[in-house]
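All remarks here apply to the structure that follows.
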Amino acid sequence: MQAKNRPQGLKSIKPGQKSKTTVGTVDSRILEYTAGADPRLDLALTVDDCVGTAAHAVMLSRMPVTPPVLTRAEAGKIIRELRKIIAEANRHAFKISTRDQDVHLAVERRLTAALGDIGRKVHTARSRNDQVAVDLRLYARRQLLFAMEETAKLSEVLVKFAKKNRSTPMPGRTHMRPAMPGSVGLWASSYTEGLLDDCALLDAAYNLNNACPLGAAAGYGVTLPIDRKLTSRLLGFKRPIHNVLHAINARGKTESVVLFALGQVMLTLSRLAADLIVFSAPEFGYFTIPAEYCTGSSIMPQKQNPDVLELVRAKAARVFSSAMMVGEITRGLPGGYNRDLQETKAPLMEGISETRATLRILPALITALKVNRSALLNGFDAEIFAADNALDLVRSGVPFRTAYDKVKAKIGTTASCDPAASVGRKTHLGAPAGLDFGMLENRAKSVATFAGQERKRYCHAVSNLLGTTYSEKG
Amino acid sequence: MQAKNRPQGLKSIKPGQKSKTTVGTVDSRILEYTAGADPRLDLALTVDDCVGTAAHAVMLSRMPVTPPVLTRAEAGKIIRELRKIIAEANRHAFKISTRDQDVHLAVERRLTAALGDIGRKVHTARSRNDQVAVDLRLYARRQLLFAMEETAKLSEVLVKFAKKNRSTPMPGRTHMRPAMPGSVGLWASSYTEGLLDDCALLDAAYNLNNACPLGAAAGYGVTLPIDRKLTSRLLGFKRPIHNVLHAINARGKTESVVLFALGQVMLTLSRLAADLIVFSAPEFGYFTIPAEYCTGSSIMPQKQNPDVLELVRAKAARVFSSAMMVGEITRGLPGGYNRDLQETKAPLMEGISETRATLRILPALITALKVNRSALLNGFDAEIFAADNALDLVRSGVPFRTAYDKVKAKIGTTASCDPAASVGRKTHLGAPAGLDFGMLENRAKSVATFAGQERKRYCHAVSNLLGTTYSEKG
Amino acid sequence: MQAKNRPQGLKSIKPGQKSKTTVGTVDSRILEYTAGADPRLDLALTVDDCVGTAAHAVMLSRMPVTPPVLTRAEAGKIIRELRKIIAEANRHAFKISTRDQDVHLAVERRLTAALGDIGRKVHTARSRNDQVAVDLRLYARRQLLFAMEETAKLSEVLVKFAKKNRSTPMPGRTHMRPAMPGSVGLWASSYTEGLLDDCALLDAAYNLNNACPLGAAAGYGVTLPIDRKLTSRLLGFKRPIHNVLHAINARGKTESVVLFALGQVMLTLSRLAADLIVFSAPEFGYFTIPAEYCTGSSIMPQKQNPDVLELVRAKAARVFSSAMMVGEITRGLPGGYNRDLQETKAPLMEGISETRATLRILPALITALKVNRSALLNGFDAEIFAADNALDLVRSGVPFRTAYDKVKAKIGTTASCDPAASVGRKTHLGAPAGLDFGMLENRAKSVATFAGQERKRYCHAVSNLLGTTYSEKG
Amino acid sequence: MQAKNRPQGLKSIKPGQKSKTTVGTVDSRILEYTAGADPRLDLALTVDDCVGTAAHAVMLSRMPVTPPVLTRAEAGKIIRELRKIIAEANRHAFKISTRDQDVHLAVERRLTAALGDIGRKVHTARSRNDQVAVDLRLYARRQLLFAMEETAKLSEVLVKFAKKNRSTPMPGRTHMRPAMPGSVGLWASSYTEGLLDDCALLDAAYNLNNACPLGAAAGYGVTLPIDRKLTSRLLGFKRPIHNVLHAINARGKTESVVLFALGQVMLTLSRLAADLIVFSAPEFGYFTIPAEYCTGSSIMPQKQNPDVLELVRAKAARVFSSAMMVGEITRGLPGGYNRDLQETKAPLMEGISETRATLRILPALITALKVNRSALLNGFDAEIFAADNALDLVRSGVPFRTAYDKVKAKIGTTASCDPAASVGRKTHLGAPAGLDFGMLENRAKSVATFAGQERKRYCHAVSNLLGTTYSEKG
């Protein structure tokens, strides 16, 4: 039955049935254990594997050896066949079996089936190790650019929200208690700036990832005059990784850096989520999360729960800790390729997937957020102005510590002040009345612009390589 | 097309396509984000959910209220329908859609479709929170028992291997350098004892997990006289969790403990794997891993790589760190249910799956391991007997520190000794010639016996509950 | 010299000065790197090292070899000298220098200085590896017993607080929003039961730790007829670890289990802390944390911050993650001793220290907590009774799902109910009006009793061994 | 008093004594719990705190308010007093008591003691939150620059070692088994390139850290016209953090990024260490670690153990996991300052200290490493040339996959080749005979140059601020 042949990553956790594997041959059980989730996960790498193979074939066809390893005509045939595989992959028709083990052998098998000896030539001077390294870097590059654009988009939504509510007073809190007068604009744009700072890490991860390992072979190079600069350029990478052993050793570490950068974005969002959960609780009521972004309860008819935001908080833990998991897999490994590295693939893909899903769900939620001005004003009590009062005494010449003591002695007896007036007096750089929203907008725009240009540049390179229009959609 | 209907946990990571979700309604996108992988993962919980629902229905039908919430006849109808769902689940025909969100609503929907108002009664006095808590505890209980049996089995294989090679000398190492004479029997049975110690943690996790949360509802109980001791007994639990809020708060922490116990097993196996990788390298050659347990290289024709063992080492990192990930998700959460907890389900299931796959692959590998006596003897040099020599001086009355200095001064000039003789002289408790294999075998047997009896007891309870023979296969 | 008394562990992080080490000889720099924090940390192990050495000396003196390695009179002299060292350690007068490297060499050096050749005999048939393993197990055993007693104490304080406020209504929450009526008694005793469940893990860690590694030597035993059962018994351990290589391999893993058990206690406390931080915020005001448990702000005169509770939340992250750090250090290590294991010592000691400090600070805080009944009652709105209302319809024969829909349709229009009455109706096992505080008290008592008896048993064994009264204070 | 000089961080772990704290007043116990290790750790921040305070005082004295909060003469007096404190700190004479809580209050107390009301003015418009944020950024900036220089230094040592041994053949390995011919030059310079890639992350961390939080006050700004650009410039920061709430929220995350970057360096070094441990084992003998870098055994007279390298491997786990620990502390925290953040300080300082100690110990070890050419050549067998042989067939026109099969069929029967010749044939970019050592040297130099210039720039700024020569030593 066909369903039985499909990759089932979690087959073994189904209760009440005897797994086929336990009656399989030694060989099939080993294959299942070693291939793991690759046949399923690698589907996401099919296009990348074809693109990498195309570049490798072109390079082989230009290699100055006689007889040529691959003629230009043969390389052309390979690329035509790769285009067919890409088309199949795009309509989800390309399959990888456990017997194939992974996308690399599946593609090579397919080329050989279609092209005979020409297909048998394509793996010349290359190993699966550097092939998977190339695939994952192409994959991560694409995903990072999408993540940058999505982070920029969310930043823009947050700054727009901040601008709209720039003069709405909001009790500033430390230790979850009222501290000093703040504003909705200050609160929202603090997360904008947080995300923009995280973009610097996404950028560092992008740069680290944007180097081509192809040609490393098993990590020790080959005795053929391959042109690693050419393949790097054909694939749109900024540069080849130099040392071929380092090209192999970098696997796992690069993934860890990518996940850490995404994890930092998630940490920022986890605090935004935590704030929104508290501030939309009835005891605060500062914001209302529209009903369509909430979910109910199976037993309590009245419930409108902020499940989306709670999941953001928890997914942050998963993405962030996966950066550690992946880095730890590499720690203390002997140099050169070790199969341990295969286990870094699933966390990388899941971490990217979860982060991007989160980045895509939040902009609409933020836009739909209702700001309850009266609830915000109700949050102000007299004590929240204590520091303001002390600084007013300072203005009249009292040393601050003395002013602090005087105000402290009268806590509980002083009248409240006007929140809007207090907020309006904080005019210095970065304070509620001193925020430069335009600067934040510009920073967000430049992130989006960079990502768009990079993708355009890369799609152009791949289009040239494949001889057909190549584009990407998030 | 049918394939489109199948759960696709990683759909969003496929490049080159526009996800359906981005054009969905707000509602559908939120649903997809909040349901997450549940529709796929929950398939593994279908039987458990039915069993838990059966116990709840029986309890409702015995509840002393007038009119009865559920008559005994109605409870009988529910159980008959649940048996049908279980049969469907066992042949992989039961489906959970994203619209269902999870197995709980899918089962309730199905009961309502089949039984009308009777189905609409089954969720009385229960919430999804305590339902998923019950399901996961039933699931974890079953899996832990299988894991115990598999750990016992591997322990037995290791002790058998140790007995067979009890008098084969093996260079004992510290800091990866030759240290003192050891034996293959000592080496192999050290991992037996390691696994048996880990079983004590599996047992602690089992006990912690073996308490019934059902009836906690949303964590604050209900205004109906439900009988929580009855449902606990019907489901074969040792006891109900007492405080209903604690029943909810325990979620996530219990999963973390289960994963940690499994992670300890994996840590033990990671060191066994690390040893085997080194000791089967050509520079050592102590052991030969049969070719069918090795995999080759795509570029190097000569390669026979210990991929299975490398994956054990890496999977240990994944399982172990998932215990932390899951525990961290709960840290600092406000009391009571929070949706964050949903994110603990996938790590739990994957951790169990990976650990059990590892426990099942290793016994045959160990059994097939070839011991190369001559390579082991070649590993002995004169220096490895230095401590023996010092202790021989001690026997003649020289203070140890003086003996140590004397031997040290002659390092490089002394003759080698007979490894077998040295090993034979170490007769004290637990030393190479003082090992009690029978005791280790008995410990392994008692773990397997315990697990078997527990499963029998539980299957008996469920069979009684469902009125049909219920059994489990790993 | 005074400089010797200064803390050395962090010397290198002092800015603006040239570290002595960089001008030291190769040897001294290596020594400083490898000894690390041991000279400082090992001070906490001095008594344990002396106790372990005493048992080893007694065993050597009874070993059936001629001439005896150690006479009974010599063993007696050693024990007398060890008593002096213990006395010095108790008054903080015993020192360990970087040149000593660790407590083991410091004690041996001291014995040799005092007793000459007798001191040079004490290290016969033992290595530092099994010595540090013994010391850490003695240390962890003592600390775990104190931690158990402190956890039991805090459990008792929480159950006392719960009993006192058993009928005080408190809005039960899920997703941080009002859910169903609960009570202060339910809330507080949920953490009692959480801590008592954690005690089962402390107990598992205690049992795992309560086995004696002494006599493992370097992990391969010795050619002398040492009596490992005797030393185990003299030191009050339950049993010797059997396989001598396992005795060495267990290091690090045991520490990881201890830290994980403590980490679970901390996770429970982190949620208690999170609740208290929220519930004592002015928007809730359910509880008042007395001023002496709060700290102020340097700039805001009005501030009373719950710093203690915030630190509990953060320290939970540190202790919990250290369990993983320590386990990871062992992952994939080759079998036998590796120096990597030294790095598990500081996390173990710090994790124990932080957990116990937290367990000691909270009882008084809980006891001093002021319960504000009116604020708690103000937290109830009409909607929180929605599930109650639906269940009331169920009592009149309406299927639950129908009742749920009916109540949902009227949300916002129904009147509030009496919180106390609602809580009083939840009488089933573990619900607000069905709590068995006595059972929780008994569980807490039995934990404290067990710990007390174990310590008494151990102190008795050590007193016998040393020939003097040995006691322990937390 | 002498007791004040004793290390306090771990006081509570000393066995056998009753801690003073348990008999202290409530207040003193709370203070000890909340201050934690700050009085000890903050000593490393004393100079930074004085520098930050000097900038703040200068800014206050230029603030356009009448009467001035601080006159220029008063600011001058403050700076003179701060210079005295710095001098005391440099000779370890400045103390922080538990009563002071931290360096900030200790410095303010001292200024007040010396200058009266002038001292009482210095905390105007500033909170401890932004003060500690400034101090830690100054501290991290200095430490990162040292770490960059030390990483560059180690890179240079490795490339020098690589150049010296560029043509020494070395069996290239994958899966710890011989794979293809490599060279010592390739092996050593792979770690050079690894470290240089890590420097890009150090650089990203440096940039993220190089923004000034001062003036954020409690995270909501102040009602005085402070000049945040001025303080940022006086302190040599690249820019102020803009949004004042973000300035507070960035704490913990910044530390996490710094630790992660250092952790990546440690991961690279952990693999270098793992290789050296294996390759210096007698079964390999490729390298000899000089005796002065090894340590012995207490029981085995012959032992020379690579303890330094094992500790590198383990310390990598500690530093790397601390990045996660610190990030997790911030996850899900409500916005604004929370005391949880204090717990990020110790991991930051320890992570920096351990990484730098490792970076300083390795250059001499690498330089002293003895390369054993004959052992390296002995490591080559015939099979290691299998891929070369297949590629030779490819050159004669055989498709690679066919060539692979042909060579595979003859494994075990072919003669060995000349390692040096094979290595010499691998001339493409980054292969053993195609390495560009000069490029790696230049990259290392540019890292060192950048770090040196940045420190010079910063020291110049601080010298101007303090009116005295300020310099830093690592």
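Read from first to last, the chains carry the letters A, B, C and D; within each, the first residue is number 1.
Throughout what follows, a residue touches a chain if its C-beta (ideal position, glycine included) is under 8 Å from a C-beta of that chain, and two chains touch if they have at least 3 such contacts.
Computed from a predicted model, the values in this text were never measured in an experiment.
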item: Distance-maximising chain from chain A - centres being C-alpha averages; value: C
item: Winner on C-beta contact pairs when A-C is weighed against A-B; value: A-B
item: Chain A and chain D: spacing of chain centres that average the CA atoms, whole Å; value: 25
item: Chain centre separation in whole Å, for chain B relative to chain A (CA means); value: 30
item: Intercentroid distance (Cα basis), chain C paired with chain A, Å; value: 37
item: Shared-contact residues (touching 2 or more other chains) in chain B; value: 123, 174-176, 179-180, 217-218, 278, 297, 299-300, 305, 307, 310, 313, 317, 321, 324, 328, 331-332, 338-339, 387, 404
item: Sites on chain A touched by chain C in the complex; value: 174-180, 277-278, 281-284, 297, 299-307, 310, 328, 331-332, 379, 381, 383-384, 386-387, 389-390, 404-405, 407-408, 411
item: Footprint of chain D on chain A - complex, ascending; value: 65, 67, 69, 108, 112, 117-125, 129, 172-176, 179-182, 186-187, 189-194, 197, 200-201, 203-204, 207-208, 215-229, 240-250, 253, 256-257, 260, 263-264, 267-268, 270-275, 278, 313, 316-317, 320-321, 323-324, 327-328, 330-339, 387-388, 391-392, 394-397, 399-402, 404, 422, 425-432, 434-436, 439-440
item: Residues of chain A touching chain B in the complex; value: 3, 6, 9-10, 12-19, 21-22, 26-27, 29-30, 33-34, 36, 40-41, 43-44, 47-48, 86, 89-90, 92, 104-105, 123, 126-128, 139, 142-143, 217-218, 292-293, 295, 297-300, 305, 307-308, 310-311, 313-315, 317-318, 321-322, 324-325, 328-329, 338-344, 347, 349-350, 352-353, 356-358, 360-361, 364, 472-474
